[in-house]
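Pasting in a structure now, in structure tokens, and then I'll have a few things to ask.
To keep things simple, chains are lettered A, B, C and D as they appear, and every chain counts its residues starting from 1.
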Amino acid sequence: MATITYREAVRQAIRTAMKDDERVFMMGEDIGAYGGCFGVSMGLFEEFGPERIRDTPLSESAFVGAGIGAALGGMRPIVEVMTVNFSLLALDQIVNTAASLSHMSGGQFNVPVVIRMTTGAGRQLAAQHSHSFDGWYAHIPGIRVVAPATVEDAFGMLGTALADPDPVLFFEHGALYNSKGELPDDAGPVDIDKAAIRRAGKDLTLITYGGTLPTTLAAAGELAGRGIDAEVIDLRTLRPLDDATFVDSVRRTHRAVIVDEGWRSGSISAEISARITEQAFYELDAPIGRVCSKEVPTPYARHMEQAAIPSAEDVVRAAEAAMRGES
Amino acid sequence: MSDSVELLRSMLRVRRFEERCVELYSQTKIRGFLHVYIGEEAVATGVMSVLEPDDAVVATYREHGHGLLKGMTARKVMAEMYGKVTGCSRGRGGSMHLFDKENGFYGGNAIVGGGFPTAIGLALADKMLDRDRVTVCFFGEGAMAEGEWHESMNLAQLWNLPVLFVCENNLYAMGTALSRSESETNLAIKASAYEMPAWTVDGMDVLAVADAARRAVDAIRAGGGPHFLEARTYRFRAHSMFDPELYRDKEEVLKWRERDPIDLLRNALDLDDQTWQQMEDEIAAEVEDAVTFAEESPDEDVADLMLFVYSPDSSAAGRI
Amino acid sequence: MNDTQARELVLTALADVAPEIDTGTFDPDTSLRDGAELDSMDFLAYVSGVSEALALDVPEDDYDRLDTVNSAIAYVVEKASA
Amino acid sequence: MGMFLMPSLGADMDEGTLLEWMVAPGDEVKKGQVVAVVDTAKSAIDVEVFETGVVAELLIEPGTLVPVGTPLARIEVQGAGKSAPDAASVVEPARVAESVVESAPEPVAEPAPSAPLPHLAPPIRHLMHQFGLKPGDVRGSGPDGQITRKDVLAAAGESGGIAVAAAPVPTIPAPPAPPSRPRVTPRARRLAQQRGIDLNAVQTSGPVTGADVESFTPKAKTPVDRSAAMRKATAALMSRAAREIPHYYVVNTFDITATLEWLREFNAGRKPRDRVLPAVLFLRATVLAAQAVPEMNGTWEDEYVPSAGVDLGVAVATRTGGLVTPRIVAAQDLDLSGLMAHLTDLVKRAKAGRLKGGELQPGSITVSSLADNGPDLLYGVIYPPQVALVGVGGVAPRPFVVDGELAVRTTVTVTVSADHRATDGRTGARFLAALGKALTHPEEL
């Protein structure tokens, strides 16, 4: 058992995958000589060389598309898009080629590519570098979207994603890189289909993923002190959504609050709320609450940014409202 | 049949197939958008003639000719345009999205410039796996205004990737003349800025195209890195079926028609009428057979709508 | 079967059909069908109750004898001892 | 003979206007030659012919708007060749062009919605009209683009079988906000319904939750006095009837001495619990009459809607002075004993206030009976939206003419109240006669 950071867990996962399979290689901006914008690929350039740790020019559409093409050509590429904010430049390749090719070609071409992106706000990077589009991408049929929130998932999900025959978008929230966790020495691949219950509870269900899991667990701790026993569910995968796990939980607790760093309108939290209403309407004793980022371009000033993104206090307030049967 | 006669037959086959598609479209048998290759046949025919069977091709939405020339049967292409399940993409792609894995045809793409990254990715895989294969990426001159072109040309040359860029310069990007969309209209000079060998060739002369393609492909296979080929050609019909062609005048069309690639080669070979007529009859039969096959083919079962959103063996199959 | 048992039987059958009747103050000699406003449906249910409690058939001709509490009690005592 | 049709020049082109003919009858035309100019939503486009031959006849005048697929001209195909324009010899094409001409119909008798379409047999054109489909919407899979029934259904199928016409879309002013309902959670509503708990009785500060319903113990068994609410409901219904329904009445008195005698024998062999009351005879007779005269058995919703079965509403006076009319659904399927058992159960639960939702839905005809020592005659008010009500007066010995002689017979007077919007006196009388016949012929009941 080793205590390592989330960042190291991802790095180890990449190293293990590249050692196990010749077809696996990584490309992205400044992942090689520079060691990765967030230091995830530090040391891999020296270990695997420029052919398999390929620095790319600042051409997101080209190198993401090239990753897709290489996957078609028989490789198992990992493409690092420095942050989800820059993935907007490669959206056409992801949606119109990666996600559509299998269905559109009548099943002839599948695209086994993994695209890793840092996501989320909270580090005063201002509007253009603080987006949370994980939920957006979960709108698109044909790709899988996973959001590892723990060290074990950060390590275990990458191997499973690389083995998947279809494109997998792998979101790492920037605020998690320094978080520490236990990783067993024989840790192996983990599933990317199921949500996980991170804290059992009977009064209400808190549903979240990725970077807002710590915030939600903190809120659950505070609620416990106030006599409210909250269950915390970590979605782990945003597409396909494991709605069975959170719907069963709501059947037991009859109340739900969803915590999602995306903007509320048209967000993944809206989709989760709709699925609960569709599948467990008659189990509800309160409107389904949602704690999302305020609908504003994320501001630079720290106090303003903190006011914009979901906080533990917001979650506690929403949970108490739910206990009162209000939204 | 000598190579040249084979080239003539290939061009004629594409020409007659496309003419029949125009007719079927006007009878509402084919729907959606339809972009035909009439007038430009020499480019794809010339390039394809120098490729090996497992070389890869990435094309655009004006792709029926490319698909046929890369080895797809007329039946599979026509059935796809009828939207039938026997089509090469089970009727899901239509005219702009033909695919054929066996023949290494990585599809049409309806996004202008959308195919560049796929092509250089395929070439990257070939390079990393030491595979002796060339990827050919066809595109129109309009695509050179897309960011993907600049990004892909740079990346291909930077990483010395085995890819041949073939620009089918038919002077009009839909309704926009070349001079109104490109600052530098000499496209080969434009491409050479990436330190990539770039040549211009008369796109109406199939032998010239074949010769240029041969030199480029041989160089690429020898590790010479990516090459750029600008083929100057002209589409005799509108951009698509619903285009009143207000942007060009009739005289220009007639002038280019005088250099119809099929007539040029036929006259050069001084082919006897009997061989020509036999070619016509064989092609007419093949086209009609394809139409009948498409007419009688079944539709895809609606129950299969969700099939292949994810790979059938994936744990995500059938889930949202 | 003595009077008190018979009274108990008749009043239980009556209460089952018309719970709002206060058997304590209700005049045992007034007609149930007129006084207590038992409609034919209620009266048949009351007769069935008595019949099942006695495990004896009550023919339609005897209905009149059950029309007041007292006459019903007499009828029950008579039938039970026969 | 080739038919030159209005071509489809774009995915969303349904029709086109012929602007100009570039050829005249008798002209030679070559495959691919521009023969006309057509105006479309985008602009004028040159249109070419796909066969080599001679123009036989121009069918459409310049300036006419026609749907895609409409024949514009007839072309005599030169030897029905389909090969290159300047080819000498000709090859027999897979389909013979002549067959198309024979199938062109003579001028169509019934009014065609647009110019006659040779490909559209009248039933096909009618079917397309039903689905609001234009020729351009349907892909003909038959020979020569013949549109078949399957094609129309498929095209309609694409729009889910329901014709989705691009009709102008109105903007409706928002209706006034409804009064806010008491705040009860979905779970609370479900539990209350499952446990038969009246939500009004559950008192809490905030919204009523499932937990509140689970922990709710109904107060003492004394029946909740709902007569006030019931009175309000009956008042509303009766005033609606008075407002909307023009009543007319037909009345008759029937000698039921023999029938009651028949009933005595019928009951003699049965235990009290299984005996049948006279009231059931009136129900059964009403059912038979309703089946005989269906115009009386249904509801009025701006027009008369007959009811499939006889859902018999039965007026039941509750002990607390209220009135409720639960219904017996499909009463026609019950014989006398079945009706009696059903009625007994219904009346018992009606009096205890435990009727099911379905039973309180309006029936198709109602019987209101005051037979137990009731008045001779009853003019009843119809229960909207029904169109008839059978009022049964008191059963008692009365003077009655039998074979010309005055005699004392047990009789009953039956009044039929009917809605003059739905039926006329003659129908009401026929219904009353059918009821009377059933009532006086017990063996038929």
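Here is the rule we go by: a residue touches a chain if its C-beta (ideal position, glycine included) is under 8 Å from a C-beta of that chain, and two chains touch if they have at least 3 such contacts.
Everything numeric in this text was worked out from a predicted model, so none of it was measured.
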Work out which chains are contact partners of both chain A and chain D.
B
Shortest chain-hopping distance from chain A out to chain B
1
By number of C-beta contact pairs, the top two chains
A-B
Work out the mean Cα position per chain and let me know which chain is farthest from chain D.
B
Whole-Å separation of chain centres (CA-atom averages), chain C against chain D
51
Distance-wise, how many Å sit between the C-alpha centres of chain B and chain D, to the nearest whole number?
57
As a quick test, compute the distance in whole Å between the mean CA positions of chain B and chain C.
101
Separation of the C-alpha centres, chain A versus chain C, in whole Å, is 79
Among the residues of chain B, which are close enough to touch at least two other chains?
none
For chain A, what residues touch not just one other chain but two or more?
none
I need the residues of chain D touching at least two other chains; which ones are they?
none
Pairwise touch list, complete, is A-B, A-D, B-D, C-D
What residues of chain D sit close enough to touch chain C in their complex?
264, 267-268, 271-273, 275, 277-279, 317, 319, 343-344, 347-348, 371-373
Could you list, by residue number, the parts of chain A that touch chain B in their complex?
25, 51, 54, 56-57, 59, 61-75, 92-93, 96-97, 101-110, 141-142, 144, 164-166, 191, 193, 239-241
In the complex, chain D residues that touch chain B:
5, 7-11, 13, 32, 40, 42-45, 50, 68-69, 82-84, 87-89, 91, 93-94, 136, 139-141, 145
Would you mind writing out the residues of chain D in touch with chain A in their complex?
183, 185-190, 206-207, 209-211
Note which residues of chain B are touching chain D in the complex, please.
19, 23, 25-29, 31-33, 241-242, 244, 246, 273, 277, 280-281, 284, 288, 292, 295
